[in-house]
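Labels run A, B, C, D and E following the written order; every chain starts at residue 1.
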Amino acid sequence: GAAAARDQVQIAGSSTVLPYAKIVAETFAETFPDFKAPVVESGGTGGGLKAFCAGVGEGTIDIANASRPINKNELEACKAAGVTDIQEIRIGYDGIVFAAASSNGDMKIEPKDLYNALAAEVVVDGKLVANPYKNWSEINPTLPQGPIAAYIPGSKHGTREVFEEKIMAEGCKEAGAQEVIKASITDAKQAAAKCVAVRKDGAAVDIDGDYTETLARIAANKTGLGVFGLAFYENNMDKLKVATVKDVVPSVETISSGEYPVSRPLFFYVKKAHLGVIPGLKEYVEFFVSDDMIGPDSPLAEYGLVAAPDDQREQVRNDVLAGKTM
Amino acid sequence: MSTSILLLILAVIGVAAYAAGVWRANAIARGASSRMHSRPGYYGSFVALWALLPALALLVLWLIASPLYINAAVRSEFPEEVTTLSQAEQGLNFGMVSSLARGMSVLSTEEIDRIGGDPAELRAALGARGVPLAGEPKPFMVQAAGELNQMTAASRTMVTVAALAVSLAGAFFGLSRVAPRFRARNKVEKAVLASLIVASSIAILTTIGIVLSMLTEATHFFTRVPAWEFFFGTVWDPRFAAAGATASEGQFGLIPLLLGTLYIGFVAMLVAVPVGLFSAIYMSEYASRQVRSVAKPLLEVLAGIPTIVYGFFALTAVGPFLRDLSSQLNGLVTGNYANFIQAQSVLTAGFVMGIMLIPYVSSLSDDIITAVPRALRDGSLGLGATRSETIKRVTLPAALPGIVGAILMTASRAIGETMIVVLAAGVAARIQWNPFEPMTTVTVKIVSQLTGDLEFTSPQTLVAFALGITLFAITLCLNIYALYIVRKYREQYE
Amino acid sequence: MTDAISSAAGLARPRPARRDIGIKRRYAAERRFRAYGIAALTFGIVFLFLLVSSVVSKGYTAFQQTMITVPVEFTEAIIDPKNERADNPQKLMTANYPLLARNAVARVLGVAENDRAGLRDVNKMISDGVRSQLRDMVVANPALIGTTQTVSLLAAGDLDSAFKGQISLDVPEANRKVNDKQVGWMNQLAESGALAKHFNTGIFVNGNSSRPEAAGVGVALIGSFYMMLIVLVLSLPIGVAASIYLEEFAPKNRLTDLIEVNINNLAAVPSIVYGLLGLAVFINFAGLPRSASLVGGLVLTLMTLPTIIIATRAALKAVPPSIRAAALGLGASKMQTIFHHVLPLAMPGILTGTIIGLAHALGETAPLLLIGMVAFVANYPTTPLDPSTALPVQIYMWANEAERAFVERTSGAIIILLLFLIVMNVGAILLRRRFERRW
Amino acid sequence: MNMMSEAAVEKALDEKMNEVSYKMVGRDVSVYYGDKRALFDVNLNVRENTVTALIGPSGCGKSTFLRTLNRMNDTIENCRVTGRITLDGDDIYDREIDVVELRARVGMVFQKPNPFPKSIYENVAYGPKIHGLARNKADMDHIVEASLQRAGLWTEVKDRLHESGTGLSGGQQQRLCIARAIAVSPEVILMDEPCSALDPIATARVEELIHELRANYTIVIVTHSMQQAARVSQRTAMFHLGQLVEENETDKMFTNPDDQRTQDYIMGRFG
Amino acid sequence: MNMMSEAAVEKALDEKMNEVSYKMVGRDVSVYYGDKRALFDVNLNVRENTVTALIGPSGCGKSTFLRTLNRMNDTIENCRVTGRITLDGDDIYDREIDVVELRARVGMVFQKPNPFPKSIYENVAYGPKIHGLARNKADMDHIVEASLQRAGLWTEVKDRLHESGTGLSGGQQQRLCIARAIAVSPEVILMDEPCSALDPIATARVEELIHELRANYTIVIVTHSMQQAARVSQRTAMFHLGQLVEENETDKMFTNPDDQRTQDYIMGRFG
């Protein structure tokens, strides 16, 4: 007869949001025994949004997790496929930290330092030259002793964008490279791109995998500096030594207060058309945005999510209840 | 009657038809002493085929058509507020109706009557039976669900009767054809041949499917990025597309990826082919039965270890080992303890991948070498050739077509592998010739561009499809060339 | 033989001069050749051994789980303070069970009820999984309320790691997940016998969980089982049928060349592309559900087919023509010749292809990514249409988890996968041995 | 039809009659292996209940011709046959003809023994099984025993019926193949040097068997032994370089051949 | 050593001498295939520059004995040989003995023709190549031509030397195998029914070849043809049921055998 209707929520998207979504899904199933636990797919923000925007109906997913806001083109693609009413829900922030093997001493990082260590071209004597630096010590004595090696997120990661924006672009400005670049390149976009270009001689290594891979790389190379999510770092504090950025130690407190500069918001998107049609979807969304889940003392915060300020959370909850769409 | 029970009944009819065919063939054979053309079993199979194939075709047709029809019929009854919605949203409503219908078929009629139109109670009752509903059903849904159940039941009865009738008719028709000179075997074998052809067409369909599933997106890519920039570009650096950015900024040069693919694949083959081939030779020609029966399955375990495990093995053990080894060597020779092998390198990836591929060469080649007739070996040994000479000059050449097939398949796997490369050789796309430096492959980029946080409409993601199709085309050319080479050197024994 | 005899032999007529056929050199070559064979085989097996032993040494601890066995008081005041359970069975489902467990452990450790920091530390020693553990006990038997039962509670993942010695206690307290107080309690409980390692059945039967101590590969096992069943049932017959057609029946012309090349080429298609295909064909076109092992099985079938076809064709080619001639000469039809004689002789090769193809399919993650099987699935699938994951997916996902306790579980899951692989292949290997014969 | 001359019709009719009166008729049979021509327009008739011997130097095309009679050369990839061959008047290369049925009626023993790598019993039982010649196990046992006995192998193998057929000696293998072929009782039996691997006693047994079979079957045998041809056959055909040199009564052939080449060959005078 | 009696030493010496005066000596040779015993304590000496024929009914163990002489039965999995066989006085089953060298000295032609799936030229050149018998291409060409000529195949194949050896007719294949064997000029040549697939003319050619070779080589030939044995051999050994019945001068054997069974067999009287 008729195909059996779907009886659980289906979620896909960002692997950064995945661990949080998993905790919520699991707790949700324990709290609402009537509903099955949602299925949370991994696959990246892009893949998640693509599946999300494939259309409306039981064969499509209900929620897309994202580590960046959906953008215009994607929204248009969604609309074209009939996915018109989308609720955007911001669940909190992900802190991004720099850390090296725990055998290193205390490290203090300025964006300028990282820029000089990792940029493709740096300013020497007022001129742009291919990056000549070989050892961390040439840049900042508190950094690991040895050759420069940085494990930064590959360009497939959303974190890479944050890294470029908050560290490289900033450092570019501080190091005075921006002016030199602007002087030679008029096109603003190209100039900005040049500012964040990373060296390609092997000193900066893109990581397309997850933080575990970065951790393994650092375990194999003690002078390497890696980029991690705050949650991941907190789970591996015994192996990692975190660096301060602009003299701020990364922590839930400093990030939520905005002191620590490198962080990004996390989202999920819900198809409104599916609310009230897919069993458990409405309950899941409401459960997710409750303070039990994303508040400062919630399991998510425990895992490393930086909770949004109280008023923001309140706002999110109100928007959900009001069914506000984009 | 559920589909599975219907299938069961059809199976019973099939068996009966078979028996009837056999019986009739035997009866005719005895009655008219002339010899039957085929064995009774073939007549049986012939009758069974007639009993089953048309009925199954009907059933399949119904399985496809009836939900479509019922779906449309139920939807046409939907109130206006729903029919004005988009097609997809109507579909969602229909999904709700079908959940409801499923739930109601679980409830007894009295219960439905008792609960009647109270949506909240209905939801609770269904929930208790393990049929969750998303919200409280609207009255029109309850009605539609009832209708749906009714129609489904009716159509089911219809198809049951029809399928059984067709099946029986087919059986009788088949039975009526049974005659002494009727070539049942040929007919049955034709049916078998047809199924063989269908089976081999699946490979073709897969290819078409693969091409089609990538083609539209790949064309999207090529409308955004000039083809020559992609095919002949020497820089791979698809920059991160910032939210809202539109330009196809970045360079999409295929060359570095392609070189990496071939280079790493080559190194892997350099490990896998000699090791695999020599293992195969040892197992088939030298080893005792016991050694062989243990060693062969052991090597086959290598093919079953998930590639991510190899990847981590490369990342945490092989890579650092090679790096430290190189710095020790360098130190011994030049006094400078700088490593010349990077922890992630073409060498590491190729080496570890080669290990994974060993069984592809060894097991298949072993079977093929073993199948070479012993008379050939004896001929060579009898002339005073050593075993190794016999193997090199007689056995291997005789087994060559099969071994080449195995090696081609191994090469194919080497090109298609991802996880090992990601972890062992990194993701840096570069053009260079030093095997001790990192490189990356096309497949790595396909995976990472598809699964990242990138905007899915941007060329940065779409390039994965272009890469996929290009790789497909390139390997196709390589395979055509390989076939040509194999044809040229094929030798047939006996 | 005696000296006398051999010297007598020496007296015999002179030996004819021997030709030099380079016997020394050729024997050296023979020995070298053989040594290459042994070296190659050893190389492969040593690496297998290295891999497996590195996995096992990291993963064997995953098959033990630390439990805290304490008397738990099922206090009515906590479970159902207003005594509503008769009217509202839902009440029992949502009660605050973790509190029961915390109180039980705190009582054993002598932590005061008002020592909030202490209680929090105690809470962190117990897994959140106790909620469902205790709930299931109470729902099954509400009479437990008000009694005291001795229950083995799951220890939290961090405590488990600490107890197994995987968290170095030399690291400053602030940098580790288990503080000194908890370590003290841990030792205290261990001495009293309340805290001990038990066999970890959970890792085999539980679904996935974000809590390492409660996570298991149950769902993935079922998913992999369904998928392998589908792959076996579809790809073996289809692959063999296709090979028979191509090798024995198809006219040798451009078209069949194209098919041959095409099949070889399919083996080179990156596995993730099969995922794209599965998404397009099975999910978007045919409307099958996402994350279902049926779709996964179909995708892996398509991926495995080229392997089986290539292996089978090679095996069919190797059957000597005289066997075919013998059967045909007796009046066997081509079909009969193939099915009665050629196929049995090609069986070892076919089974090898199947073994390798299935092994590959069992370990593959990438194609499952796009059809939604690389996912967190907590509920057991009942049919191949329900969402599920697969063993390599579970390994992949656990390998990316941040928590320390997942490291050993990842290796544990790999061990389970290898066991699965071995169980899966044993039948085929035995069968292959039966079919093997030398001419 | 009307355009056909009276004489032509007569001739065609004659030929048709001709074809029927012989068990098998080969008319202008040529065989090509790729570009190489192995038989040149051979016209040879095989009489019913007669043993026809094919003789001629090695490589002259005897096996090739034999194989055309039950279309075994269909299985050789680049082999092409032209001309017309009939069995009981039906063209065996006709599209209507079921080649399997043909081969069941025209059985074959090959030059190189080729037992199946199965047990001796199964080797013999295979043909009867696929043709359904045995109603039950006892029947089959009987057929197997009878066939092995007629091929003179029974005493040697009766205790090892379930061992592999490939473990037999060369001569035993050949006798096994003969047993296998006669187990399906074909109408015509083609034998390609069946006795070449056999000792005199076994050969005598096979020759006796051929004698016996002649009453009911038609037999074509390739042999290199003139004596054997003389002993077993009623008619003999002599091939040379792909051509049929002469076909005649065996007695005549060996005493007073029409063709000089035959004479020379029989006298061992050329090559 | 001292414990050996005078007489025993004498006897051992005698035997040793014996072994030396013959090219090959088989002493109490028994062969088992698994549990099945195929040869029973055979004592047979092979004289130098002599053709020894082995005769006997099919399956009596002729091939088996022949294979023990160059240890070809090493390649059969469950085959076991006991007893002692010497070549020029050296035990060929000694651990010291090199089986490759042995087989280069004791060549073999098999009962079933088994050409390699290579060109005709390469088939013949194979042996000389691995033993390094040709210094250069011209040398090799010479060896190949000479061998093919002696095997009586040259005229038939000289235009297709580079076609596959498997595309030849049965008899041609067998002659190719003979050519292949003599191309390495072994000291002893073992021939297992070399002529069974050959026509009389080719057979005559091979027999002539055997005659020629006898001057320099030692030849052991298995044959089913009494005539052939009588024509080519100087000594004949008769096997029956795995036992050596009699070994004698050929003339005597065929006229006045010592053993009744021989007489019966030659008269074609048992089986």
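Operating definition for what follows: a contact is a pair of C-beta atoms (placed from the backbone, for glycine too) under 8 Å apart; a residue touches a chain by one contact, two chains touch by 3 or more.
Since the structure is predicted, the reported quantities are computational estimates derived from the model, not experimental observations.
Path length between chain A and chain B in the touching-chain graph (shortest route): 1.
Chains that touch both chain A and chain D are the following: B, C.
Shared contact partners of chain A and chain C, listed by label: B. The innermost chain, defined by the distance from its C-alpha mean to the mean of all protein C-alpha atoms, is B. Relative to chain B, the most remote chain by averaged C-alpha coordinates is E. Looking at which of C-E and B-D shares more C-beta pairs in contact, the answer is the pair C-E.
Using the mean of the Cα atoms as each chain's centre, the chain most removed from chain D is A.
Chain D and chain E, compared by their mean Cα positions, are separated by 32 Å. Note: centroid distance chain A to chain E, computed from Cα atoms, is 82 Å.
Centroid to centroid, with C-alpha atoms defining each point, chain B and chain C lie 19 Å apart.
Rounded to a whole number, the gap between the C-alpha centres of chain B and chain E is 56 angstrom.
Shown for chain E are the residues in touch with two or more other chains, namely 100-101, 104, 112, 130-131.
Residues of chain C found to touch two or more other chains are 21, 26-27, 30, 321-322, 333-334, 345, 369-370, 399, 438-439.
Listed for chain B are residues 185, 312, 373-375, 384, 386, 389, 450-451, 493-494, each touching two or more other chains.
Applying the touch criterion to all chain pairs gives A-B, A-C, B-C, B-D, B-E, C-D, C-E, D-E.
By the touch criterion given at the top, residues 70, 72, 75, 77, 100-101, 103-105, 107-110, 112, 114-117, 126-127, 130-131, 164, 166, 177, 180-181, 184, 186 of chain D touch chain C in their complex.
Chain B meets chain C in the complex at residues 185, 189, 192-193, 195-200, 202-204, 206-207, 209-210, 212-214, 274-279, 281-283, 285-287, 293, 295-310, 312-313, 317, 355, 358-360, 362-364, 366-368, 370-375, 384, 386-389, 391-392, 399, 401-402, 405-406, 408-409, 411-413, 415-419, 442-443, 446-447, 450-451, 465, 468, 471-472, 475-476, 479-480, 482-483, 493-494.
Those residues of chain E that touch chain D in the shared complex are 33, 36, 55-59, 63-64, 111-113, 152, 156, 167-172, 175, 192-193, 196-205, 224-226, 265, 268, 270-271.
The touching residues of chain C, when paired with chain A in their complex, are 93-94, 128, 131-132, 135, 167-168, 171, 174-177, 208-211, 283-284, 287, 289-291, 369-370, 372-379, 385, 387, 397, 399-404. Interface of chain B with chain D (complex): residues 36-37, 39-40, 183, 185-186.
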